[in-house]
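As structure tokens, here come the structures.
In the two complexes that follow, chain A is the common piece, with chain B as its partner first and chain C second.
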Partner chain A sequence: MSRPLFQWLRHPKGYLSLLGLVALILFPLVVQNPFVLHLLIMILFYAALGGAWNIIGGFAGQLSLGHAAFFGVGAYSCILLNLYTGLNPWVGMVVGMLITSAFAAAISYPCFRLRGPFFTLATIAFAEVLRILVIYFKGFTKGSVGITIPQKMGLANFAFREKAPYLYIVLTFAAGVFLISYFIQKSRFGYDLAALREDEDAAESLGVNTTRSKLKAAVLSAALTSIGGVFYAQYILFIEPYSEFSLDFSIQFALVPMIGGMGTAAGPIIGSFVLTPLQELLRSWLGGSYAGLHLVIYGCILMLVVIFMPQGILGLIKGRFAYGEKRPSSGSIPQEDRAVEG
Partner chain B sequence: MLREFTQLTVNGLLQGGIYSLISIGLTLIFGVTRIVNFAHGEFLMLAMYATYFLFHLAGMDPYLSLLIVTPLLFVLGLIAERLVIHPILNAPSFMQIFSTVGLSVALQNAALFFFSADYRSIRTSYSTRTLLASGLLISFPRLVAFIASILISLGLFLLLKKTYIGRAIRAVAQNRTASTLMGIDIRRIYLFTFGLGTALVGMAGGLLMPVYYVFPTVGGLFVLTAFVVVVLGGMGNITGAFIGGLIIGVVESYSGFYLATQLKEAVYFAIFILVLLLKPSGLFGIVGSEEMGEK
Partner chain C sequence: MKRNLFVPCLLIFCLSLIFLSAIPALAEDVIRIGTLYPMSGPLALLGNEEWRGAEVARVAQNEKGGVLGKKIEFVKADAPDAKAATAEAERLITVEKVKVIVGSYSSSIAYASTAVAEKYKVVCFEMGGIADALTQRGFNYLFRISPLASDFGIMDVELCEKKICPALKLKPQDTKVAVIYEDTLYGTSVGTSAVKTAKARGFRVVAEEPYNAKAVDLSSLVMKLKSAQPDILMATSYANDAILFWRQARELNLNVKAMIGNGGGHGLKDTADALGNDINYILNVDITQPRNVNEKFCPGVKEFARRYEKLFGYPPRSGHSLRAYMGVRVLWDVIKRAKSMDPEAIRKAAMETDIPEGTTPTGWGVKFAPPGHPNQGTDLRAKPVVMQWFNQEQYTVWPAEAAVKEMVLPLPTWEERAKGK
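And then the complex of A and B:
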């Protein structure tokens, strides 16, 4: 295990990533500007959630626009458990993950029969139904008023006054999602997913249990997304159904890997480092004085990306520099590693 | 009891007429271009704003302004097709969804920027007029919208059945390759269909304005309903969309009254999910047509 790691570190991809990680760890010690720290937190947050979406959307090609459902279920499970039973938010997060996983398995199984835009529309509908139900059952969920999380600070309560602890938590989260994606990419499971993404019938006939693989990917993706939901809730210390279950979140989770490069472990990270600062800066420059203008620009970016770089940034780089690459969608695995896997 | 039920049915049918009109444009565009157009609701919003400003600045009656709003939306549809839809015709369906979502976000927020988030409505002499027919209350502007949507659907039906361009549109919807071989310029058909679908939602906007508010996100409210209707009726099926619209209108009216107003959306989304899972080709679609959108 140590030799491949050593080899990996000699590769520019390896030492540059390590360098980046060290820089991120040291960053809050040097910079104390809250806006910059907030920006970095949001970048890592969307990198992690884009990565979570990427497992089912990118690797398995099941293009969901309903991931806000998992995000919201995770957050609401944790916060409501805390509210009614006083359960610690960290434990609540794990329980939330389990609830979300069960929920994801239950709704994914029937949805997987649908293809193309029909699958996407069904996922949107599920998130909408959940939002409506959370608003309706206001006796239990507090409805559209939302829940303010009691500000008991400290690590045990998952609430902090400063930004730095949040940064370290979200950094761990993003790194974890990246590692999971990286191992999926290299594993047999990853190949199964790639096979069913390219041609489901062919994969099935070659002995890939496509339903089980998709289900596994969906549950993993949903569980990671629910962690993001809890993190976001604990970060802003407030939840309400309109934003938790919003289509905007679902779009954002899918857009980040799309910009970076779908179906690659590094894609969501690159995508978030490009997209999130752009959005946050546009919002802070234009959001106050010209309502809506930053979202007009955002919408235009969306259209331009789809029209001019449908393969994402990684695809663009690969297409430009790497000649003779056989599978441009297979991401950042060095060719040798793949041979070993076989 | 019975009168209550009849009244609810009438209300639902009248509301459903508007849903039908919006959905027919959406299903037409999907049937021909195979693109799920998320910006459809924003064209509705633009049509409503156009009607609003024609009323307030020029004092024009909303029904009269249909003569201006409909061609205007047709042209807007042509422009949108050229700029946004045309470059992505052969992209995977998910990319297409993103592109139209981008258009939707841009238009919605452009409206927010130019017209602010205020709710605006117009007050005509007949906005609140109701007719009393054998004990049933019928809102006059809603009845007009309902009758208009029947007439427009009939007109569209005749256009598709009887004219050359209509036959060409149906041919392209059935088989792109074969229609190219038959000498149909499919790019022009896409362009025309998109304009036509947008013009239809434009008419819906004009007819809706006397009874509804306009605000930048009003389209989002209707577009999800329109998707439910389109799936219910079978994607690309115009008769299906018309009947689907009426069904959803009635379902909404019943569930709003017998369950709870806040739950009516949940009910039709539940229907949507059930239809997708049990009969994805829709109530009136041909089995297997749900995979049309697949690339």
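And then the complex of A and C:
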């Protein structure tokens, strides 16, 4: 185990990642400005959630536009449990993950047996229905009035006055999602997903249980997304159905890996480091003087990226500076690997 | 090796952008106030309208020499939703170093931004968020000048008690009331307050129906109301749903003796343009409007309308700007008495504010609820007024000192209107 690790560290990909990680850990010690820290937290937050989406959307190629549903279920389970039973938010987060996983399995199983855009449509509908339910059962969920989370600070309560603890939590989360994605990319499960993404019939004929693999990916992705929901709720300290289950969130989670590079472990991180600051800075520079212009520019940049870098930023890098590795891109699986799978 | 340079370069580019934005634009000889409103996105229209009211107050004060001998400057922030509000409040406070923030049109935006400001002990003057819960968090640096959502519901019922029931010769216990409201924070908080107050004062609440403002068909809601046969209908709606509901009410011939709207869509000229004469005789409980109101009740309202038109080229579009104008003028008064921009001094001066009713451009007085009050920091002297639509134009009809026209009751039936009543 130590030899491959050592080799990995000698590779530029390895030491650059490690350097970046160390820089991020030291960052709050050097920079005290809360706005910059907030921006960094949001970057890592979207990197983690983009990574979670990437497992089902990128690796397995099942486009979901309803990840806000899992996000909201995670947040609401945790907050409601805390409100009614006083359950610790950290424990609530785990319970929320379990509930979300069950939801994800229930919604995915029937959809995955169908071909076509059913999964995408079902996820959008699912998020909408959940939002309406949360609004409807207002006696229990407080409806659209939302829930203000009591400001009891401390590690045990998952609430802090400073930004730095949030940064470390979200950094751990993003690193965790990255590692999970990295191992999926290298594992048999990852190859199964890539195979079914490229050609579902061929994958099945080679003995891949496609429905099961997709289901596994969906549940894993949903569980990770629910952690993000809890983090967001504890960070803003206020939840309400219109923002928790918003389509904006769903789209952003999908956009980050699409821009960075779908189906790769590093893609969502790169995507978020580009998209999130771009969005925030365009708004703070132009929002005051020319209302709405920032959205126009943001939209144009997105279109340009999609037209000129259909593989995402990572795809562009790999394509331009390919250095003769066996696996040219995230996309197809080389012949010899597929033979092993079979 | 070129390949390895691309990602770090990208990172350096992004990080340098961040640092560039972190350099505050400092100017010492002005007083800088942050304004946080939705200037883009779905809330932009009225968010912008409110900002304009604040801007009118700023320009007017600068003509008089500003405050504390310095000119006033606004630092604009665009917060289309709660997420952005957190980031923008953070930026205004830590990067732009403002000591006072004025905002923010919507309750959910105010929820997020005021929580940030409270953490940094920065004073917030809120003239838009009307949800009661906003000031029920025990915040020390938040001051709100506006009637609360519950005040709207209470006003609905008082209007029924004092004007509508006598006019219809009904007793409260015989009066059937239906309440409909759109299901976001705004509608829910107004609607539930109306239901609670109506029940407490002995009215018969025959229907309470929340609905989604984005709905494309409200006929089932209209049918439910038809079978409940209410005498009085209270509605809290945005613009499109108000138009849709009233059109379908006409198609399905739903007749009530009085219809009370609560601001939102029922107070907008756009709704009148879409509905034409069908909007006539609808009552609207709302904040004071900049036109068709008795100037004796709200001195300075005409001056506001004049200044607004001079600055932006056409008359004010709604009462939102007037409310922000009035609130920001109170802020200037508070800063003058605080004699500094220190948040503690401003807070103390704000708490000492004592402006009697009938002396401001909205007619409201100002007395902030003291610490320990359930609504700490809310202006206890701000009350909504009642308008009625005549010829697609709103006129203030109640209370009497603000009225410019006599209230017309009951609401004519659709047949009577078709005949041209």
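Throughout what follows, the second predicted complex is superposed on the first by the 313 of 342 C-alpha atoms of A that agree within 3 Å, B and C clash if a C-alpha of one lies under 4 Å from a C-alpha of the other, contacts with A are read in each partner's own complex, and residues count from 1 in each chain.
Following the convention adopted for this analysis, a residue touches a chain if its C-beta (ideal position, glycine included) is under 8 Å from a C-beta of that chain, and two chains touch if they have at least 3 such contacts.
Everything numeric in this text was worked out from a predicted model, so none of it was measured.
On the shared subunit chain A, the superposed partners chain B and chain C overlap sterically. Look at A:E240: by the touch rule set out above, it reaches chain C but stays clear of chain B. By the document's definition of touching, neither partner reaches A:S187: not chain B, not chain C.
When the two complexes are overlaid on their common chain A, residue A:Q7 makes contact with neither chain B nor chain C. Legend: residue contacts after superposition of the two complexes on their common chain; A:N33 is shown touching chain C, with no touch to chain B. In the superposition on chain A, contact of A:G292 is made with both chain B and chain C. When the two complexes are overlaid on their common chain A, residue A:G146 makes contact with chain C while staying clear of chain B. Residue contacts after overlaying the shared chain place A:I132 against chain B and chain C alike. By the document's definition of touching, neither partner reaches A:T172: not chain B, not chain C.
In the superposition on the C-alpha atoms of chain A, the part of chain A touched by chain B in one complex and by chain C in the other spans residues 132, 135, 291-292, 294-295. Those residues of chain C whose C-beta lies close enough to touch chain A in the complex are 1-4, 6-8, 10-11, 14, 17-19, 21-22, 39-41, 44, 48, 75-78, 81-84, 86-88, 90-91, 93-95, 108, 111-112, 115, 119, 131, 133, 137, 183-185, 188-189, 210, 212.
Of all residues in chain A, those touching chain C in their complex are 12, 16, 20, 33-36, 38-39, 42, 132, 135, 138, 143-146, 148, 161, 236-238, 240, 242-243, 248, 270, 273-274, 277-278, 280-281, 283-285, 287-289, 291-292, 294-295, 313, 317, 320-321, 323.
Contact residues on chain A toward chain B in their complex (touch as defined above): 63, 65, 110-111, 113-118, 120-122, 124-126, 128-129, 132-133, 135-136, 251, 254-255, 258, 290-296, 298-303, 305-307, 310. Residues of chain B touching chain A in their complex: 36, 84, 87-88, 91-99, 101-113, 116-117, 216, 224, 227-228, 231, 260, 262-263, 265-266, 269-270, 272-273, 276-277, 280, 290-291, 293-295.
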